[in-house]
Every structure is written in structure tokens, then in C-alpha cells.
Amino acid sequence: MKFVTLAAAAALAIGLSSANAEPVKVGMITTLSGGGAGLGIDARDGFMLAVKQAGNKDLEVIVEDDQRKPDVAVQLADKMIQSDKVDVLTGIIWSNLAMAVVPSVTAQGKFYLSPNAGPSALAGKGCNPNYFSVAYQNDNLHEAAGAYAKEAGFKKTFILAPNYPAGKDSLTGFKRYYRGELAGEIYTKLGQTDYAAELAQIRASGADSVFFFLPGGMGISFLKQYADSGIDLPVVGPAFSFDQGILQAVGDAALGVKNTSQWSKDIDNDANKAFVESFKAEYGRLPSLYAAQGFDTANLLLSAMAKADVTDADAFRAALEAADFPSVRGKFSFGPNHHPIQDIYVREVIKEGDVYTNKIVGTALSDHGDAYSDECSM
Amino acid sequence: MTDAVLQTSGISKSFGALRASRDISIDLKPGEIHAIIGPNGAGKSTLIGQICGTLKPDSGSVHLLGKDVTHQPTRARARAGLGRTFQISSLSMEDTVLQNVLLGALGASGRPWRFFSNVLKDTSLRETAEEALARVGLLDQARMRTAELSHGQRRQLEVAVALTQKPKALVMDEPMAGMGSEGSKLLTGFLDQLRHEAPILLVEHDMDAVFSLADRISVLVYGEVIATGTVDEIRANAAVKEAYLGDEA
Amino acid sequence: MSLILLIEQVLNGLQFGIMLFLMAAGLTLIFGVMGLINLAHGSLYMIGAFCAAAVAAATGSFLLGLIGALAGAAIAGALVELVVIRRLYTKDHLDQVLATFALILIFSEGTRWIFGSFPLFLNVPEFLSGPVTLPGGIEYPLYRLTLIAVGLAVAIGLWLLISRTRLGVQIRAGENDREMIAALGIDIARLYTIVFALGAALAGLAGALVGAIQSVQVGMGEPVLILAFVVIVIGGIGSIKGALVGAILVGLTDTLGGIFLPEFLKLFLDPSTATSIGSSLASMAIYILMAAVLILRPAGLFGARA
Amino acid sequence: MIRERYLNALTLALFVAIPFWAITADEPFTITLMTRAVVFAIAAVGLNIALGLGGLVSLGHAVFFGLGGYAMGILAYHAQNYTALTEWPFLIEGTKSMPVIWLAAIVVSSLAALVIGILSLRTAGVYFIMITLAFGQMFFFFAISWAEYGGEDGLSIYVRNGFPGLNTLDPIQFYGLCLGLLCLVLLFAWRLSGSPFGLALNAARQVPVRVETAGLDPVRLKLVAFVLSGAITGLAGALFADLNRFVSPTMFSWQTSGEIMIFIILGGVGRLFGPVVGALVFVALEHWLGGLSDFWHIYLGLLLLVIVLFGRGGLIGMLCGREAVHD
């Protein structure tokens, strides 16, 4: 018993001597098993890379797997807050999980930094001073796709997305900036893998272009089948179906497709170059959008830790709002509802040697915020 | 004829090309044991099925206590007073002897929709059940698991379950099958008494039992009743001798 | 809606149904002969797709990939039968559901452990890619036509196997009377292993064929598994003919329902409500179909025993 | 071999002792975990009435779990937004009161169980398993596309609903409430198994033709069992939603049905405490194995296999042997 006390005292002494700020405990809840594990693993790896590079001993990260189940995510958040006494939570990939976790986390006075999901409900009326979306507001990339479609002079676009809230937000986002006429608007089944029927409708509709939002395996299936159908219309979509992790599974079918993203591995700034290099060196693969978002999230947190003590919530919040960190996206700041104001690029899928990847071909929207900040009162 | 407790009028049933019952008309009068005999495959089980309601006849009708029950399900016929014992034992083996008998009593009481009271503490059900067990001589085995009973004891239990329902007519499907001679003798004596409570339609292979018990016998061959009569009449019937008793005579 | 579009959609439904048939045939065979509910059938579909992707990536040949899928799934099926499944024949349905549910967990995570969390690449081979023009000016992907042809060929092959070969006699005997096959001196354990491996190979083939136009990823088997169950329940469990009819019914209902329900509702409702309600109804359509069939015919369309 | 009733008492003692330990050791999350186990146990006790007593292998009980959850979600959502659920034919307003929500959950899931039961009980065996699965999928897809209540995103309820006289936000008080309900449900299941209805249902599972011959309708007995079963699982769904302060279509998924079934098999089919032991062990495994490896599903799968293949009667069966004859 005595030994334990001594050891604890020693540990406390070391802790005090090595830092002048209170240590920060971060709970990362993300998807590490099952179908969508690739995204969570990337976000985690990006986050941990930044933590490792910073070498900040005051930052402790606990990572847990939510299995992409909302109830598990809620339970993990409770555990991290109640047992592990974390100060900040992060990591959730999926909007439905974020909707389950974020309101109760912020209600308990903890900070939540979102490395991916940015549902509209949390950007407008449901915004919270302790909630920061470091990635985007969900509509952003779709709005950019709409802006691109307008720019490219598409007159009759066929649009489709899965029949669930994010899918509906997606088509709404697209239509917010698109000015042409719609050749058709379809909601597909969530998790659908065969798009033959939709392709036939596209073919028959007389469209001059296609916009789709089909994340994960749905997008892979759609693109393969699209390429095989002989329909030869320009395609545009948000980055999710063209990300590093899944492009290899799509193959040639994706070549030349335009997609919108707030990040790309060829954005020309020092932070990004260093990130891409070090990520490749550390994990032996190219970073994805999710990895970049995880990396930025960790750096945002680290920048706030350098300025303020996490126990002083107001000061810490102000330090987060300042967003004083070298984002891999270049320009980055928060709007009044704690969602990013940033450039959104148009990328094209290309092949570099044997590897499929993206390159930037233009900017769809500059210094773009989101449509919900007016509804947010904080 | 009108005083028949149970009566079939010209029932027929086919399975594809097989005509399992052909125009069968038999009846069961108060106080009698009416035996149905016939070789294997003669259609005895099909006949019982139609009487008890598990099979529907293609044509003809079944009357119980003067009421047409042809289109009623088994449970309605049971509630109207038709008791039955099975050839292949259909007791719930995992349960105790008492529980099996209680089920019969519960069915007769018509009040199964009680979710909280303890069935074992329901005195009226329990009295009915234990009385039936006592009559077949199984009261000492009431707490035993049914699976632990001997073959003969299960036959006795079958009868006890039927008794709890206070039947007005009984259909018994080979109650003696597989019993030792001692057991058969006991059961024969018991059925002899029972006929005054409820007449019995007895399907049985044990000819000694049939000849000693039956008031009347019907002989079923290829789905057809070829003869009905008293024991002596049947023994003397040439057609029966040829078709069925031929090799014995 | 033009006639061409309609024909194209019917072809799509047919193709979808025929792929479902490949899954359902194995499932129904296994149930018919062994009386086993195999929830892990979807895992064998996934194994087929992964084997095909791995072999095709290593050799560059899609056809070798298909052979790899058949072999891989058959071997996995035989192994599972020997180690786990044969202990389940005497157990009740509940134990079978649970044990094969456990197998899903093991297979899914095991595959992710071996192949990683990202989808694999498997593409339509060069000589089958792109559309062809059918009579009437319908442009239709050649690969999908090939799928229909392969599926029909398998259906005919299965029919010949069951009606004309010694193995088929044994399978039919097994479906009718288990004691009889023992009496006929057939090695029942071997028969079961073969039937299970055959069912697994069919599922693996379906996985590989479909994997080329869809995403080869962990968990791809479960949605198809549920559809295959719907198919065999509609068709009548144990009946190959039922599986074929059920599969095509489900394929057509799902494909055509998704298109026509919203269009139909637009006659009564405003377009966005119609689209939304129509899509919801369409995603429930096959389950409604199944419930309706079972309510009218509790043993399915061609089911012998309930 | 331990006597089953001692094991049951020990299990109940654990459900009281562990949270007390958690309070003294300042491990509030353990209480949350235990609450999860209790809620799952209620759901599984419900299924066990259909499955264990009635022999109805329902792979669609997630329907009732989800309906209970959505009963809570929808009522609380309207209460937190101060909108009416419906104004026609008469005004229904949202509520944050647990007893009202429970009642709604029980009524809605009973009605659903009645309809599903009437249709499904026309079939038997494998067909029954499959048709219940199909109903589960129907509700799942419906919930996903029901945009008004969040679709796939589900509904978040910011503050746990209230119960008169208790602070439900305090983990231990909410736990006590759930444990109390579990005890009530267990009491109900225990009385049920010894009741006239239980006797008839038990026979209807084993020898339906005998029940018919006794003048009872086995299908109707099973239907009533299915409705009671659905109602209890629905209540559990409402509690689960309150535990997470969140509902989503995942509650309707067929994996949820499978998991509820796993609790029963793990503990022991038809045993009064089977579902309780199973839920406790499952939650513990999920927690510990999940911490051990990303691939913990493999271990869970292997464990399930071993229990199904070699452990007749689940954990209770392995510890206590064959079920005793009850008096």
C-alpha cells in the first residue's frame, strides 16, 4: 500500500515537472471493426500521427471502437466521460452516430471536435459552443458539386442519393448551388449494391450529366456499373466515393471523374506536403481525406492546448475558435457556428503509376461557410 | 339410430389415387364398446382422424350427440365431449405425470387464460386430475417425469388424461398395443367398467381383448366396412373370414 | 415510360433474380437434404468474391479468379461442414441459427483480419465489358447478359445433376427419407459434405460474378443472405424449382417496384412526397411479397412440407 | 452441480452488489454497463416467453424492441420540441414521463405482436423463423426512410425522461428503476410458467395435437404468448432508448433480433434466469473482448459456437445440469 502511494506521488511529481499545463485526456470513438472500419482507421491514424509528431506528453488519447452502432457509441461516450474522465471527445465518422453522441457530450460540458461528420442539425438550431466541426458541414461538398455543375455549364443533371437523411441533405445541398434543370431525382435504398435500374433511368432521361452521393461500397458498385453501362455522361460527386481508401477498388471506372473535396494530397502548402510524406512513411499508404481530417483535428487540439488550460473552458474554447494551427488545407477558420470556412476544390481522378488518386483541377467555392449558421444562436 | 352418441354417415376420404375411406357409416350407442378391426393399411387411422377432426372427409358427415360436427375443429369436438387416446403416445415427456393429466382437466374447465395463479394449487383442477390418476392406478407416480414411466404406464396415463375431460364418448386407438398380458388384462377390466360412463369406439389389434370386450365389431378392409355385427356374427361371417380372419381360421 | 426502358428494367430484374438464384439454390439444397438453416451462406458468398479478387489480382485473369472462387468457397464449405455443421444436424433450428450466426462473426472478422478493412478490386474482364445493342435498339451491358446466361446454365446443370446422376438420386433420396439412404448403403456423411460444398461453391460463384460489378468488401454477404432466405421461403424450402421462381419474382419485384411505385404514387401525391413514400415502400416490397405468399401458402409456392 | 435456485439468487445478488461496489470504487461506468445488461435481460426475458415456453423461434423480436424505442423517441421528441404528435382525430402531445412512455411502448408493441403473430402463426418451423425475420426487415426499412423522425440518423433526446420521485439522470437511480422492472418481469415470467396458461402453453410447444384434443387452441395459446413476449421486449426497448437517450433504426435490425436470441441461448433456453445470465455475460464479454482486440467478434463467435455445440442448456445448463422437476 505504501509503495503504491509513493509511486503515485512520484508520478505526480514527474507530471508536474514536465509540464506547466494540466494534462488533457481525449476520448476517440471511431469505427474500427465491421463494414466501415477503413474510414475510422484512417481518421485515427491521421490523428495519432499528429499526436506523435507533437510529442506532447500532456496529451493522452484513449481510442475505442464504436462498431458503427449508435448505441455502442453512446455507451463509449458515457464510459469515457464517467470512468476515464476525458476532457475532449472526437473520432466519430457517421452522422447518425454523431447525432446520438454529441448532444449528450456537450450537455455534460465536454468538448467535441468532429473529424468527419457535420450533420445540419448540429450546425443550425442544435449548435453548441463546445462542439466544433473540423471537417465540414455535411452539405458543403454537395454544394460545391452544385457550384461546379453550374460552372461547367451542365443544363440537365440527373441526381441520386440513398434514401436517408444525409442523402436528402446531399441533394438539397447540390440544388442550393446548381442552376440548371433536373433530368431526374432518385432516392436509392440504403446499402443498395445493384444500380442497373437507376442506370437505365439515367439513360432514358436525356440527362447531360450525373451527380451522385453514394458513400462506401455503394459508390464502388455504382461507378463500376456506370462504367460498364456504356453511358458516357460527365459525373460529379462529393469526395467520399473517390477517396484514397476505395479508389483502388473502383479502378479504371473512376478515371476522369470530377469530385469535390476540401482537401487533396496535392494542395500546395508545407503542412500538407509534410503530412503526406510522413503519413506514407509511418503507415506505408497514401493518406485519405479522413486521415487528413484526423490530422487537422489533432493539430487544432494541440494548438488550443498550447494557449489555454482545458479546465478553463472559456479560455480553451476561445483558443479552439482561433484555429491557430497549420491546416493541411491551407486557409482554415471557424464560422460563428464553429463550422469551417474554407475553400472547396474540384478534383479529378487520375492514375499515378499503379495507384489511383486525385489531383486538383479547380476551386469550386472559396471561403465557403454553411447555410445554417444564421439559425445558430450562441 | 337417433340415440347414437357418435355417428358417421357415408364419409369418404381420398389421398390422391388412394381411397382411404369409402362411404363409411358406423355409430356408437350409449353403454357399448364398438370395436373397429382390420388389417394394417385398412384405413383405421384415417377414419379416426375424420371422427376426431384432424382430417376433413371429402364427403359425408360426422355427428356427435346428434349435432353435426363435420366442419368443427378437433378442439370443438373435444369440448363437446369427445375423448381420445392416441396410438403413438402424445404425452409431454419432459413434464410430470400430474402435469399431463392437469392439461386434460384444464381443457375441460375451459379456463386456460389465467396467468398468475399456480395451476398446482387449483384445487378443482387438481381433484379432477388426481381422481383420474387414481382410477387408472397411477396416483403414486404423479410426481414422476412422464419419460420415466414404463410403456404400459404411459398407456394408462393416456386413458387418465382422456378421463379428466369427463367424455361422453371415447375413441381409443390401440390402447393395448405393446402392453404385457398382465397389463392388457387389467386395462380390459377397466374398459369393461368404463363403457357405462362413456361408450367406446375401440380400434384394437389384440383380438382377445376385442372379442371379450366388444358389443359390436366393424371390420374395415381397404377403406370399406365389409361387416358390422356382434362378436358371434363377425366370427361367423364368411366375407370377414376370407378378407381378414382367413389365415387364422 | 418507354417500352425500351421497361424491357431494360425487366432484364435488370431478371439478372438480379438469377444471381439470387445461385445463392438460394445452395441454401435450399442444404436445407432440403440436411434440414439445416445456414445463416453463414452469405459468408461463403463473400469468400467467393474475395478469392476471386485475390486470384484475379495475382494472375490477372478473371476466369482463373472464378475458378479460385469456386474452389475457395467449396473448400471453405467442406471444412466448415466437417468441423462445425455436421454437429448441428441433430440439433433444433434454434441451435442451428445460433451456431451459423457465430460463423458469420468468425468469417467476417477473419476476412477483415486477412484482407484488411478496405474493399478489394475486381473488375469485369475486358472481353465482357461495355454494352451491346440488342434487337429493338436496347443498349445493355454484355456482362449482365452473361450473368443471365451463366445463371440459367447453372440452373439447367443443377436440374441435370439432380435428375440424371447418381449423386442426384442420393440427394433426392436424402430429401425424402433419411433412413432410406442409410439403408441403400450410401455414405451419408460423405453425401452431406458434398452437398454442402456444392452449395458453398454456388454461393462463391455468385459472389465472384457479382463482385465484379459491385464492391468486394466485408459484410457484403449478409444483405444477399437475407434476400436469398426470402427467395427460398417464397419458393418453398427444399425446392430448386421454387428457388428459381422465387428468385425471379424477388428480382423483378425489387427492381420494378423501385421504379414504378414512386411513378405510380405521383398520380395521387405531389412528386417529392411520392418519391419519398414510393422509395420507402419499394424497400419493403419484397418483404411484403414474402409475408403475403406465406399467409396465402404457408409452405411457400412449391413447398412440400410445412 | 449447483442447485439452479442458488445460482439464480447469486445472479440477483451480483446485480445488487456490483453497482454498490461501483459507487464505492467510483466507477460510474460500470453502473451504465450493468444497466445495459439489465435492459437486455428484460428484452430477453420477453423473448423467452415466446421462445422457451412457446417454442416460437422468432428472429423478429427487434420489431418490438425498436417499437418500444421509437415510442420513447417520438413522445420525448415532441415533448422536447413542444409540438403535438397529432392533432387529429384528437390531440396527442409528447411526454417526458417514463410511466406514460412505458405504457405507450407496451401498447404499441402488443398491437404489433398481435398482428404479426396472427399472420406468422399460420406457418411453423423454419417458415416461422423466416417470416418473423421478414417483418423485422420491413420495420427496419420503414424506420430508415421515415424522415420525420430522423430516418437512419435516429432521434436524440437530450435529457433522460423523468420518473416521479427519482432523478433518472443519476446512473444508480436509473439502474435501480430498471432492476426493479427486471424483477417485476421475472416475477411475471415465473408466475406465468406455473400458471394454467403456462401449463397449456408448455404442452402446446411439445404436443400441440394433445392440447387440441384437450379442447384448447394451441395457436391461440401461442399467439397470446407472442403478444406478452412482444410487450415485454417493447418495454425493454423504451428503457434502452432512455439509457442511450437515443433511438435509431439499428434497434430494428436483424442483428438485434439475433443478439436478443443469443442472450437466451447463452444463459439457457426456457430457464427463468437464462436470459438474465446470458445478458450479463454478453455485456461483460462485449466490454472485455472489445478492449482486447479489434477482431473481438472472432472470439465472441468461437465462444458462441462452443456453447451451442457442447453446452446443452447454456451456461445454466452447464452449471446446474438438467432442469429439475418443479412441484
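Some observations on this one:
Chains here go by letter, A, B, C and D, matching the order in which they are written, and residues are numbered from 1 within each.
As a working rule, a contact is a pair of C-beta atoms (placed from the backbone, for glycine too) under 8 Å apart; a residue touches a chain by one contact, two chains touch by 3 or more.
The structure presented is a predicted model; accordingly, all values stated were derived computationally and were not measured.
Among the remaining chains, those touching chain A as well as chain D are C. Of all chains in the assembly, those touching chain B and also chain C are D.
Greatest Cα centroid separation from chain C: this falls to B.
Chain geometry summary: the mean Cα position of chain A and that of chain B are 75 Å apart. Separation between the centroids of chain A and chain C, computed from CA atoms only, is 35 Å.
For the pair chain B and chain D, the distance between mean C-alpha positions equals 44 Å. A straight line joining the Cα centres of chain C and chain D is 32 Å long. Shared interface positions of chain D, defined as residues touching 2 or more other chains, are 141, 144-145, 147, 295-297.
Within chain B, not a single residue touches two or more of the remaining chains. Counting partners per residue, chain C has 108-109, 112, 276, 279-280, 283 as the residues that reach two or more other chains. Per the contact rule defined earlier, chains pair up in contact as A-C, A-D, B-D, C-D. Contacts from chain D toward chain C in the complex involve residues 51, 57, 59, 119-120, 122-127, 129-131, 133-135, 137-138, 141-142, 144-147, 254, 258, 261-262, 265, 269, 295-298, 300-305, 308-309. On the side of chain D, the complex with chain A involves touching residues 27-30, 32-33, 36, 141, 144-145, 147, 150-154, 156, 158-159, 171, 240, 244-246, 248, 250-251, 290, 294-297. Taken in their complex, chain A has these residues touching chain C: 33-35, 37-38, 41, 163, 185-191, 193-194, 196-197, 200-201, 203-204, 216-218, 220-221, 224-225, 227-230, 245-246, 248-253.
In the complex of the two chains, the chain A residues touching chain D come out as 32-34, 37, 64-65, 69-71, 74-75, 78-79, 82-83, 95-96, 99-100, 103-104, 107, 119, 121, 163-166, 168, 187, 189-190.
Contact residues of chain C toward chain A in the complex are 2, 4-5, 8-9, 12-13, 15-16, 108-109, 112, 116-121, 123-124, 129-131, 139, 141, 143-144, 210, 212-220, 223, 255-256, 258-259, 275-276, 279-280, 282-283.
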